[in-house]
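Paired with chain B in one complex and with chain C in the other, chain A is shared by the two complexes that follow.
So, the complex of A and B:
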């Protein structure tokens, strides 16, 4: 029998679990329903573009990228919240963790598997949007840049869903992940709205500290810039990638730590 | 003799209702399972068998005590790589086919594709699922799921096979097949440690057993030593003429028409009974020597544990 050394098993085990997670999702009907709905909306953006005469391209890009972002986020939350919890509930995890697989690898495999699903999902939607745009005014490579940033946000959101899924029920996970998403997209308004109205230096520091403690998913989004043909600031991409990796790293470490010593009753 | 499993003073408790207090499930379990034997882990429902097995396989963490598997401490990946485990009423990904499940779980051991294909094919036929590997698991019957569960437990050609209620939910033919498979594993030099509350199955195949009651092992050892080889009593069935009077040493257990079932506890009394039966014109239909059974041993332990 051919056996690899245990440390060498790391990537194989994570990849095997990721591949199985991918297979699980693509064999689920819900995945296709969500995808079909998103594709319908993208095609509908073409109709909306005609209604808004003169700004067809902007309209298609605006509605199209928003549709992609929202449906990808919905899929990440919807699938992610059950990613670990359901394995424990359905006891399918017994067959994995009784083998020489660490819980951290299991979490990592499930996370990467869902990312793979989201990547395929995203690619399909970007292809449809590109085709719609091609009929309007021609393809723009900036869609790919926007899609890459959407994927960064999905990396964070999936890590959040995996974290909650490893410690809470799907309902609680869904609420918490959705709350994270909303906070992440509104936290940047906190200093913008409050700082002009506050004069106390201490209060201003508290507001800024609070803002820095909260996640800011707008730091990862360029949808508006792409739709309005505004150039992206230099240094945006490295900062966005670093911020994503920081959040994902923290969340996955927290997931692994909370799951590592948990009894699987 | 080398030990496959050594458990000392294993303790485990769970949170009580509404997280108030703790409910002890294992209260100091001691076990010694030698290598190369079939070892039955017996006990009534709720005794703590599954909890023990889950600790052995790393699914639960003990509150205290020590566990060694194949000479290595609990949680050692090297030991886990040589372990095969079948959970109780196993659950699998129902969207996978049997073959896909074995490929996926086998890849967790680092088996390459070719080895996996060969091993999966051999295991599918060994557990009686030849030709069913392409079927999705949602279409498998309960018995088939138990078989694929056993197949996945053997993917890594383990030295130690831990089975949680492997015969539960199977029909008599299925139980017989699993028993034969366990005997075959022993013939290959593997250690089989299985939990069961079906005593007849355990008695038929085990070399040694432990009886767990309320979280403690109350009896442990080789089956022969626990049960002994002496005959405890004889049950004699006679077709006797009207007016047949048995000797006082023989107790009449049942009488139906001319058929009489009697029990004697000593060999001399048996001879007296048989002589008298012949002398009075009775025909001897059956003489069944009865040894101490696992069920007797098991039932004998229950009142002790239930007593305050």
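So, the complex of A and C:
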């Protein structure tokens, strides 16, 4: 990775690649299929709520926020996995790298482009959820806070997808990114399930150490709090943003390092 | 020709699948109900499987539980009912409606112990919520007729929402039915004082209820004291007192109590039974109990 200052990294070239990635991704059929499914489910949440008399708002909020979280993650995985690999496979990367664009900037541009796609996707789904909530007279502006936290998770997931895409084929990338997502959402069960069953202090320490080594994406979610109108604990947002930025930074540096060393011939 | 053959083959296959489906469904329907019962994994596993969206899974189990409550035989349903609501409230401990529906279904099956378990769980997970305690208390009071339990739940509801007269009313009734007359009297006195001079319908309603219950409690407290004195008299002297006044003369009572209208209580020296000529059951102006 060449030595540059952080603002220098975000040059016009990076934005040009990001814009191009955005245009490319929104032409993808996968993107629209996933978005259509998500929108259908969001609208269907009204029917589910109607089935459970008296619980309609909670039902729409739970189904809506979960749909947004699941489908945004799927979009990040399926659109993100081919971002770098396909450029290499189709050899279109040579056109870019033949210009004065570093590989690090290329990775950064691809990452920001996909984030832009996910942001638009998220905004569309939040708009539909808001409309359904208005319809059931249960709108709360806190879904914007929940969506922001989902976006933090997407920032991490996209960085993971870009990392794997820069070192492996789309199938392997998809499997590894999906595995990261599953581990990220189940690691919190490790201490929850195992600690009550283990008595040895050493084993307990090992379990806790393992938990802290694994990513915990549930830490970023506030969906359950929003559904029950429970306030978020003070200090959550700055810590969540810092956690996300550090993880993203770590993954992007790793992506850039591995991509810099990769033989593209 | 090939295309026609392919279509015919498809139709034949579809028809075979349809007939097998029907056959298998008939076989399943022939099993006793306990073999057709549903299966919901332990909440610990569902928490992991939900991948951070526990509320969604709780909602889906709730919807399923509400829609299909009547589908299974009572024996299977009752055995599994608590588990269903236990799992979904493990996934979403603040799911208020799940507790309310759980109470309703468990009460229909008269599964009181399970209802109390679910209520205790809900009250512990929702420390601000008084309606859960109120709801559980009404099931314990009106249906299970477990007045100790009812008093406990109404007391929790009262502690969480002291200004709610309906809770004070039920708490006073639960105390009365479990025999704690002094505690009940204290609540009715409080209700009467609270609505003193209030000429609204609600004010007159509660004032009247308080007056009638205070009237009844006056009698109950007196009868309890008289019956206790008669029992002690008989234990120490081997016979019932000839008259109630003998209880005062022999030092078992300081004074002879009278009913709220000042009339003496009725006494049968042959059986030692003390009673009042004015029972509680008269209807008030609004017909309330």
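Keep in mind that, in the parts below, the second predicted complex is superposed on the first by the 254 of 265 C-alpha atoms of A that agree within 3 Å, B and C clash if a C-alpha of one lies under 4 Å from a C-alpha of the other, contacts with A are read in each partner's own complex, and residues count from 1 in each chain.
Criterion: contacts are C-beta pairs under 8 Å (C-beta built on N, C-alpha and C of every residue); 3 or more make two chains touch, one makes a residue touch a chain.
Fair warning: this is a prediction, and the values are worked out from it, not measured in the lab.
In the superposed pair of complexes, A:66 makes contact with chain C only, with no contact to chain B. In the overlay built on the shared chain, the residue A:99 is in contact with chain B alone; chain C does not reach it.
Legend: residue contacts after superposition of the two complexes on their common chain; A:121 is shown touching neither chain B nor chain C. Of the two partner chains placed by the overlay, only chain C lies in contact with A:192; chain B stays clear of it. By the touch criterion stated above, A:228 is placed in contact with chain C alone, chain B being left untouched.
When the shared chain is aligned, chain C comes close enough to touch A:217, but chain B does not.
In the overlay built on the shared chain, the residue A:12 is in contact with chain B alone; chain C does not reach it. Residue ranges on chain A touching chain C, taken from their complex, read 48, 51-52, 54-55, 58-59, 62-63, 65-66, 69-70, 181-182, 185-186, 189, 192-193, 217-218, 221, 223-224, 227-228, 230.
For chain A in complex with chain B, the residues that touch the partner chain are 1-4, 6, 8-9, 12-13, 16-17, 19-20, 23-24, 27-28, 90-92, 94-102, 261, 263-265.
On the side of chain C, the complex with chain A involves touching residues 44, 47-48, 51-56, 58-59, 62-63, 66-67, 92, 94-95, 97. The residues of chain B lying in touch with chain A in their complex are 14, 54, 57-61, 77-78, 80-81, 83, 85, 87, 90-93, 95-96, 100, 104-105, 107-112, 114-115, 119, 149, 152, 156-157.
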